[in-house]
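Reading through the structure tokens given below for one structure.
Per-chain residue numbering starts at 1, and chain names A, B, C and D are given in the order in which the chains are listed.
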Amino acid sequence: MSEQKEQPDLTRRDFIRSGVRGALLAGVGAATGGLLARSRSGDTVWQIDPEKCIACGNCATYCVLKPSAVKCVHAFGLCEYCEKCFGYFDLDAPDVETGAENQLCPTGAIKRRLVREPQYEYKIDEQLCIGCGKCVAGCGQFGMGALFLQVRHDLCINCNECAIAAACPADAFRRVPADKPYLLKKKQ
Amino acid sequence: MNASGTDIRYRASVACAVVAGAFCVIVCAGLIQNYFHSDVSDPLDSEQFVALKAKLQAYPDDEQLKSEVRRMDLELRREYFRSQAFGVRGGWLLLGGIVVLLVSVGAAVGCRKTISAPAPAGDQELAEVRAGTFARWSVAAMGLVILGGATALTFITPTEGFPTAIKHVEKPPSLVVHFPSDEEIGRNWPRFRGPGGLGISAYTNVPANWNGKTGEGILWKTPVPLPGKNSPVVWGNRIFLTGATKDKRQVYCFDADSGELLWQRDVTNVPGSVAKPPVVMEDTGYAAPTVVADGQRAYAIFANGDLICFDFAGERLWAMNLGLPVNMYGHSTSLAMWRNLLLVKFDQGGEGEGKSEIIALDGLTGREVWSKPRPVPESWSSPIVINAGGRAQIITCGNPWVISYNPADGAELWRAKCLDGDVAPCPIFAGGMVFAVNTVAVLAAIKPDGVGDVTKTHIAWTAIDGLPDICSPVSDGKLLWLMETYGTLTCYDAQTGKTVWEKDLDMEFNASPVLVGEQIYLTGIDGVTIIIEAAREYKEIARTDLGEKVYATPAFMDGRIYIRSEKNLFCISDAKR
Amino acid sequence: MRRLIQFLIVLTVSASVAFAAAKLPTWYNLPETTTPAPQSDIFEYIDVAVLAAAMALAAYLALKRRSRRGLLALTIFSLLYFGFWRGGCVCPVGSIQNVTLGLFDSGYVVPATVIAFFALPLLFTLFFGRVFCAAVCPLGAIQDVVLVKPLKVPTWLAHALGLGPYVYLGLAVLMAATGSAFIICRLDPFVGFFRLVPLGKWGQAIIQDGSWPGWDLGGRFNLLALGACVLLVSAFIGRVYCRFVCPYGALLRIMSRFSRWRVSITPDECIQCRLCEDACPFGAINKPTRRKNVSRSEGKGRLAALILLLPVMVAVGGWLGGRVSPALSGRNPTIRLAQRIRDEDAGKVKGTTDAAEVFRESRRPVVELYEEASGIRREFLLGGRLLGAFIALVVMLKMIRFSIRRRRDDYEADRADCLACGRCFAHCPREQARLKRIREGK
Amino acid sequence: MKKRRGISTTGVIIAVVITVATAAAVVVILRFDPTGKGGSGLGEQFVYDSEQYRKTDPNLIHYKELKPIETGLKVARGIAVGPDDAVYVAGDRKIVAFDRDGKSIAEIALGDPPQCLAVEADGTIYTGMIDHVEVYSKGGRRIAKWPSVGDDAIITSIALSDSDVFVADSGNSVVLHYDKAGRLVNRIGQVDKERGIPGLLVRKPCIDVAVENGKVLWVTNPGRWRVESYSFDGAPKRHWGRQSQEIEGFCGCCNPTCIAVLPRLRQAQSSHGWLITGEKGLPRVKICDETGCLRSVVAGPEAFAKGTVGLDLTVDSRGRVLVLDPVAKAVRVFVKKDD
């Protein structure tokens, strides 16, 4: 076990090591280089396609945040300001007034305001909305579909894979460019 | 070393940690209790509240019930927000507690941290060997655990596949307006009398000798199911014909190489198609008009006004009925095309009845693009589309007008009054001149660059010798030939209108003559084809017999002639089978 | 099926028809739908810069400066920045999946920042050892700060559990490559905590409009519960996630094995004082070997047997992986939908699911779905075989490694296992001497 | 090292903690439902439930369904009955016709996608495109193309009398009265306080018109959940209808979407002024008498796919109710049970 014997052994090992290191470096470089060549720097964020959404309620509970980053939004341009709003009133509401017994939203997040008889404005109080989509279902089934769910980007932390997207039965989540982060329903 | 100082710090840290830990446990318990108490996020899921609402359904006008619901709603929400606020406050307290706990525990551990003296080394070598063995065995055991887990997984999950079936591919509709180029048209025989309807073959390598009885020179022969006087139309390797009887109409597509009937389609289910059969003469039949093809689709019209379009695969694209033509021989004007427009000359009724018109339809959809009424009574002559005077023109013959239209919008370009009677021969265009002819009228040479009524200004010459009543003229630009039904062939000088020669062939003709290079093919009703020189003197080159009656003008393609006899479709070719 | 679909819009009337909305009074201003913008992507580039700088600093602190205190400070900074500010996303651990999907699906574009997050720690490790783990990774950091009383995990158990990262990595790559799921993200134990204190949300609100969004806490109960459990364990078993779970750690181990420079316990030479023997809470210190009278022939025979067994086991693993692939493919949404539709059609299951109902409403031909599913199954078959072979290979290589006796003269940090945390420095008397020299030198 | 021999309390506590935590972690992971299989987990209060209105009292249904006629269309828009009870359906870019037994008899290619159609007794077809009307002969040739009604126009229905053509323009909430040559005669249904016309209110393009006995024009006013009748000079005559999810009313925010006049069938039965109405939201077809009182349900919501929008209906001379189902892309045929 002399010094002379040790020396070549170590250098051989070092040689192999640096060889492998070079190979690994080349591998990582090739993979990332190839991907970089394809990557466009444009950032993307998660969003719900309202045309696909079925208002199943998963958005309210599958988000990694609580309350969910998904909220109901209202496309006022689509809204008909109905007196009997099916997103506001329970289907079997006894009356068409703002009493709690008539309201559809379980968290009372929709506010009603008279514009001009018989037109009423309905606004979402986002502090209260939990994104359950109940009003979305009502408005979609009987109304204009002016209420729909969207990921609010002041809340969303843009997970690598959105937990709601993984649980969405309608495949309604997709990544959209960050400079156009909303898929709002518009007048067709 | 300051032992006592460390000790005090240690004890303080431990005490702090214990307090923080207890605090954390209490807060945590409170939070968990709160979490399960408020249950998910549903303030209204209280049974009492639901029952109250259900009751309200039964008594919708009970004001007291209503106020009860509202009160309870308010209460539940207040409770919900209180619980939420509790949760948030508790969360912060817990976080603070954990931080204090961590810091104090860290401090306590830090105080007690001493670099411990190593334990006495036992039999290091043995320990090392044993460690290696242990490691090996534990890794092997873990590998086995994975193996076992995977095996178990294969047993508990079904591996059933998915049913498969043949995928149905729906071809996308082509929306691009496509029409064949002049060059493509020139290579085919897309309409009555070939490219441009001029009766001129683009190929000169066609056979000159055949015999229908012995089969000599006949590449194939295929029976045509229903009778018809229309001529074969050839595009690529497809030949189109129609056939009809009083109450049945069909369109056929044959393979040009084998003669196989690729498809045959009944023309039924046409909106407004009249059940009553039209009046026709036996000379004309129910399927006199010739098909037109544009490389993608074939169009056919029948004596009862049914107009139909198929693609080359035999898929019906559209159909319509133009109304039962009022026409004493039966409708027999063939179709024409310009670019994507299908041109239907639909002359009917008596003089001054105003029933005649010319219609242009979009070939793909059958949608009408334009239509123009025509100031003529019924006629049989087919239109041609020419390029003359720097513009595209549709040339039509009627009694008494020869009218030229702009094919793009149907605007009338010029008209000349020179015909009379039941006009059947088609106009031709040769040597810069339009020639229109009918028996009992004249042969007129008209310069096609006029505007408005050009009767007085643009008719170069007229002549009256040997005027035909069925067969259309043919011209190479220098000479022009007229074939009269009873066999009188007249040759004119196309420039001057002087008769050059006249020859009585002593045969009956319905098919129009076709110019093939320097020769003219004349096919008589009895099936005999006479081939003469297209020259200033009459000279017969050959005479050959098909042995079956022929009413339709043959189609000439590369090395082949297609002749429709009364019952069959023949392909004549020098190339032996 | 507790909850059927209530709601499906069949666009028959409204399609391609323009329609005027309500005629409202002129004084009424139509409210705009508020659309808060997402965080600017400038932040992501800043993140990349911070990552690179933090790793450079960690390398300096661990290798050159040999400062445990500095590393601890950096650890806390990383925890705050990458963890609580950024919400733990995108982290290099999760980026494995993006990169995999990017390599397998040409339609998927991996953002440049994610590629940087994937590659930078690998490259740093190749040169400086696992300095990323030491003080930059927020997942490691949160475990590190709660490590109160490290217990020694028996080496044999540590080696057995050390298979975990490879299995996890293989599974994650398979799931990502087939476009099925990002399981690393789904099972990330710490996101709940990172999102509990929404530093990023506060910062964003303040930067963007100067508002204060309130003291609300975020985070899901189940995620928090998982995180709490892992943290509780890691208070006693140092970095339990990093050592026995983290798939990125598996990659870093490979890189670290061949690193150019690395942490050494002693600043100069080992005097074999054995004081550092128990210094490492992660069991990453190797003792010197002593071979004197162990018969080598026995070891050689075993080694030969294992090497011969290697291809056999790899083949067995591959075969078994193929057998397991249908079970694994159940995680793919398309496969799941196809199975559901098939079972519903065959009457095997009662009722329907939202997904199945949406599919039926879409009127897409079932055969098409089945074909797509069969295609994915084939991918899974291949992937499963490779995964099985990979796991078998790892097991066999580990066993072979334990059969080779390496010669080691000094106490050394294990090339692969060492997290470069710097805890052992203080245990070395040579280090103490060095520090003293520095102090006195000043 | 000494501790190895005896077992310290701290060691036990730590071991217990580790075991419990590990077990809890495993349980939590197993309880994870990343694929959403378990549903949202929200309470009943968060579920929108309209199922109770999707069932009809079978005693109210006096009609039974025969074999439907498959139209073969991709988009089915409008239905009308022509001479000899031939059924005409407009959709895609064509009109298809079937004889009274459901056999295909004709197909007419159109240039634009049709929205609706009406067929005269002689077989002339009036078809409404988005903004204009085209007239086709019985043979399928286009006879006339009327000028565009305007950019905002959405033509949703056409009705004919002997000399008039009524065109419902949902885009402008008005019924346009033309003569047969395409000259605009009058605009019916615009807000007119003096005559007591509240105006047509629509939220989705779905105004339908029908002519009763060649004298009375019936128009749907979906935003007000009612039907209105007018004389041909535009004077309002009668109206009935109210909002309700119950079968007696018109559901949703905008209904009925289509109407047809029930022909007087038998001497005994006075069905004068009876209408057949079709709704969306809760897709249902029912018959109401001249006062708006429900007389019969032809088909309840259970007969149609959920979310069916854009029904059109007509009645033939035998009293068969023909409903164009845009989801099934078929003509659903309903006859009275006792027939």
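The criterion applied here is as follows: a residue touches a chain if its C-beta (ideal position, glycine included) is under 8 Å from a C-beta of that chain, and two chains touch if they have at least 3 such contacts.
Owing to the predicted nature of the structure, the values given are computational and were not obtained by experimental measurement.
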Message: Can you tell me which chain is nearest the middle of the complex, judged by mean CA position?
response: A
Pair with more cross-chain C-beta pairs in contact, given C-D and A-C: A-C
- line: In whole angstrom, the CA-centroid distance of chain C from chain D equals 53
Statement: CA centroids of chain A and chain C: separation to the nearest Å works out as 23
- line: Between chain A and chain B, the Cα-mean centres are separated in Å by 41
Message: Rounded to a whole Å, what is the gap between the Cα centroids of chain B and chain D?
response: 32
Message: If I count partner chains per residue in chain B, which residues reach a count of at least 2?
response: 40-42, 44
- prompt: At which residue positions does chain A touch at least two other chains?
  reply: 55-57, 60-61, 66-67, 80, 92, 106, 137, 141, 163, 166, 169
Message: Counting only residues that touch at least two other chains, what does the list for chain D look like?
response: 34-35, 39-43, 45-50, 203-204, 307
Query: Which of the residues in chain C end up touching chain B in this complex?
result: 145-146, 148-149, 154-157, 159-161, 163, 167, 196-197, 215-217, 221, 273-275, 277-279, 287, 289-294, 317, 320-321, 323-324, 326-327, 330, 338, 342, 365, 367-368, 370-371, 373-374, 377, 388, 391-392, 395, 398-399, 402-403, 405, 426-427
- line: Touching chain B in the complex, chain D uses residues 1, 41-46, 93, 97, 104-111, 123, 137-142
Contacting residues of chain B [partner chain C, same complex]: 35, 87-88, 91-92, 95, 102, 105-106, 109, 115-118, 121, 124-125, 128-129, 131-143, 146-147, 150-151, 153-154, 156-165, 167-168
Message: Going by the contact rule set out above, which residues of chain C touch chain A in the complex?
response: 3, 5-9, 11, 14-22, 24-25, 28, 30-39, 41, 44, 87, 89-90, 94-95, 97-99, 102-103, 106, 109-112, 114-115, 118-119, 122-123, 126, 181-182, 185-186, 191-192, 195, 200-201, 204-205, 208, 213, 218-221, 223, 254-255, 258-260, 333, 353-355, 358
Statement: Residue positions on chain B within touch of chain A in the complex are 40-44, 53, 56-57, 60-61, 66, 69-70, 73-74, 77
